[in-house]
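Worksheet: the structure to be examined is printed underneath.
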Amino acid sequence: MTHNPPFARAPVAAWPWLLAGLLALPLLALFLRGFPALPGTAKDLDVVLTSLLLATAGSLITLALALGLAVLGVLGGVGRTLEALLLLGYLVPPFVTSIGVLYSLQAFGVRIYGVPGILLAWALHYAPLAYLLLKPQVRVALGLLAAARVHGVGGAKALQVFLPPLLPPLLVAGGTLYLALLGNFGVPAVLGLPERVYVLPTLAYARLLSPTAQDPLGEAAALGLWLGLLALPVVLLGRAGLLEAKEPLLPPARPAYRLPFALYALLALLLVLLGLLREALLNPYTGAWDPVFARALDLPLVQKGLRNSLLLALGATLLLLLLALALRPFPGLLRRVRGVLDLHYLLPGTLLGVGLILLLAPTPLYATPWLLLLAYLLNFAALALRALEGGLGVEGAVLAGRVHGLGRLRAWLRIGYPLLLPSAFAGAFLIFPLAFAEITLSALLYAPGAETIGVAVLSAINGGLYREASALGLVLMAFSALALLGRPRW
Amino acid sequence: MVRLEGVAKRFPGGGGVLGVDLEVGEGEVFVLLGASGSGKTTLLHLVAGLHLPDAGRVFLGGKEVTHLPPERRQVGYVFQDQALWPHLTALDHLLLVMPKPDRKEALGLLERVGLLDHAHKRPHQLSGGQRQRVALVRALARRPQVLLLDEPYSALDPVLREELRLEVRTLLKEQGTTALHVTHDPEEAMLLADRVGVMSQGRLLQVGSPKEVYLHPNSLESFLAFGRANLLRRDGEVLAFRQEWASPGGSLIAEVLERRELRGEVLCRVRLEWGEAWVRLEARPGERLHLKIDPLLHFPAP
Amino acid sequence: MKVIPWLLGASLVLCSASAKDQITLYVAGAQLPDVQALVQAFNQVHPEITVQVFRSGAGEVVAKLRAELEAGNPQPDLIWLVGEGFFRELSQRGLLMRIAPTFPGLPPQYVYEGGRYYEVRLLHNIIAVNSRRVRALPRTWANLTKEDYRGQVVMADPNFSGPALVALGYLSDRYGFGFWEAMKRNGMAVEQSNPVLQQKLARGEYSLAITNDYGVRQEIAKGAPLRIVYPQDGVIVAPTPIGIPTWSRRPDLAEKFLRFLLSERGQRVFVERGYLPVLPGIPAPADAPSRLVGVRGREASAEILERFNAFFGLRR
């Protein structure tokens, strides 16, 4: 009838699919290379099992811990400062938590390598994340509990009111934890490798660098496929229904509950800090005061690593948020691309890393920070998109603008983007620390010229430079604390 | 001014509009009355250009606009939840939508709705009623061909609601704006409309002046749309009459069960041969009396 | 949309490669601070040349290099490893550049294959002892199988560490695989790498270690309670060749680095870090015997390594 393209329909359908396909190439390459090599991994099935069991056990332990903290936090009316103390544990990179815990317990003569160490470091690092996920749901559940009490339901019967509504959010948080633990590289690298306790990410890394492997890339790819197999069910499960966020009826805050919360937060922090401080500041043989910060920061690997990590994290954060903002007005395109990007984020980083090696090792991108930037962009894109989700409020406001005569571009520039700015800011605070302390991808894609601070710390540990590694860990902790100061109200 | 020809829109989840023909004259205030899910909001969206019809054509001011994007249609829209922009002041709202931003004119509009002192406030600093007024003048600032209103008072408390709707009608008539107004409240329809269209399940059932549709509904749904309804079943058909169509005298026997007073009216619950009904009548519980119901409408049972 | 960063990256890399004077060094058998000391001293003579370093255990360096070769994109301008095996392989494939042995004072036994690779410092496998935990010092390698040292001996993973692979080879040759069986029965532990086990030894987690000498000397200098025992049945010299591959984009700069290592200045830096020099006339590190007769070791064969792996339950 008319030849104006209808405004609500997405642009010509072919090229979003092409883009999605392009983005999925690393995973495709991984599959093609790894599938034929799968029979060769028969000898590694015990590691597959270990990965599964460790991730599951770790999730359950961390979940229980976080639930307790959430209950204490809500009942005690914990304020922002106390929460910040707890959250610091999450901003500290997991591998720094590992070495901190390792050296702290070593001072008491406790050897924490292997499974117990891995579980401990995971719990300490990820509990705050689960706490954040569970807290709003626990608030509502406690409100339901209060309503039950008003109706005379108490004691064990009250749990019937309290626990079932919490099951979906517990599952969601548990799923998030499971995926994070399954794909975590830093903690098992520090605490598992010396004890020869392997999980799939560290085994893939070891295979890639192994002089005795017949087909290092193929075997690493196959192990990546196993990882994907373990992760996929949870990824596909999707999001269960969460409780409504109406203001619940809560009993007044009891300060008594704040004490155990504060104690935990403090102890968790000290457990990490003490070991690091001891190693970094005192000579291990004579006990004399001998800070090694200068020595640590003198290493060229460290200097380049810090510089690269900073630039990469800043660059990735900026680019991703700009990209997310640019894509926001195009929901159709966003949807198609979103699926692949979600995979890159949720699936363990090992898959993306090995896939990128397969695709790009022969190119000049290899051994440059640009390859790492690409890896970070692919890995964290889903986060940026999620940060800007902001609900239909923004779309509605933009539509209101268009109805009132503002052209599409103008509506987004004057109305949509200003409304999205706070979300973008929050997203930056989410992505930057993660990108800065990233180690899974960085270790796999590492070559001189592409070093990051995470790799520098790992190299230091592998090179026996425990003291320098601790000093660097403390520097990273200081960085994380800074990020915490600027955190917006979540 | 607004003309819809055979406009239809289906949604995968159900609902939508099925083949509607409608014409709204210049300066007319036309109210679409219907329950939620009747398709009235969809129809509004189709006029605004927020949806594209599956079939049919849309005309504004004599020009076909069926495939034009919303910003080219020159309509004004007052949303149910106002959809104000949290980061802009009331004045900025007007200046942003005006094709030629004119401060004087904008302030004049604000003054017209009594918001001159609040011109530099942001939405969160305004009350519900004030926000709704901002939404109204924002829509008018463009001098739209037609003003579309989507249950604009439903978020407000009843007292404010009444106040505002009368204000809106006065303003519309003053400016001579053509308006298409959507509501589920029959009282609102009767107060505001020059003409009313009853919608149910995506169809336009009846169009006419409020009095016409009130007194002479052409279907059960049209009847029900205006409330104050009594429905009784008898042998496969439905007997329908409004509360005020009953009067003493006549051949029907009724027993009074309950008496209530509402806004200066007395309503009684009576038992008739075919069931119970509420009628506007002065009587006492326990009384037996004769009733006349005129008109007593018959509709086939659904 | 993503082609742009690729193009940008590629052009940047190409520009940087030609613009800066830069070489890449892949090294095993030296710790990060050691390499850094060498590079810093080198930059005092040649401040315009940047040296990028990748350092890890010999096993990992070789694996990485193999992967890069397979992808057709090898990075290093200089390769410096422990053990000759990989170098012989490269030489056979014609991938090593021959540098004429015009180094003043260099004894000919340190020039390999006519100048295709060189020895620039001496690395020995010795027995390191934590003097706080051990009274009676062992005198030979064979002593380590004694009952007194049960559960207290550690060595590095030969899959990862070059010196350990040489030690494995030499001791298997000399005493047969039975030596290792005895060590396993005596509870010998296998740690990831030499630097790591040296830390653990110094902190008292172990009492004795089969390990390399320079790292131990460094820890002693820091105050660690360690002593070096030079076994009477052979101080194992692990060959640590360095060479320039033919794919190097700046072989001229790489040669400058090699020359520096074999110069008096370079050799002195080695001595400071606890290595023994190859040029005569440079004094050895303080606590090393003035005349040290080492036995030249050879890496273990693949069969021996596999047997060792299976026996000790090592997996890679």
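In order of appearance the chains are A, B and C, and numbering begins at 1 in each one.
As a convention for this text, a contact is a pair of C-beta atoms (placed from the backbone, for glycine too) under 8 Å apart; a residue touches a chain by one contact, two chains touch by 3 or more.
Quick caveat, the model's predicted, so the values are computed rather than measured.
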{"item": "Furthest chain, CA centroid comparison against chain C", "value": "B"}
{"item": "Central subunit by CA centre of mass proxy", "value": "A"}
{"item": "Distance between chain centroids, defined by C-alpha means - chain B, chain C (Å)", "value": "87"}
{"item": "Centroid spacing, where centroids are CA-atom means, of chain A and chain B in whole angstrom", "value": "51"}
{"item": "Averaged-CA centre spacing for the pair chain C and chain A, given as whole angstrom", "value": "37"}
{"item": "Chain C to chain A touching residues, read off their complex", "value": "1-2, 5-6, 8-10, 12-14, 24, 31-33, 36, 39, 52-60, 62-64, 66-68, 70-73, 75, 159, 191-199, 202-203, 215, 222-225, 302, 305-306, 309, 313-316"}
{"item": "Interfacial residue positions of chain A with respect to chain C in the complex", "value": "19, 22, 193-194, 196, 198, 206-213, 216-217, 283-286, 295, 298-301, 361-368, 370-371, 373-374, 447-449, 459-466"}
{"item": "Footprint of chain B on chain A - complex, ascending", "value": "1-2, 4, 6-8, 396-397, 399-408, 411, 414-415, 418-419"}
{"item": "For the chain B and chain A complex, residues of the former touching the latter", "value": "48-52, 64, 66-71, 74-77, 79, 81, 83-87, 96-97, 99, 138-139, 142"}
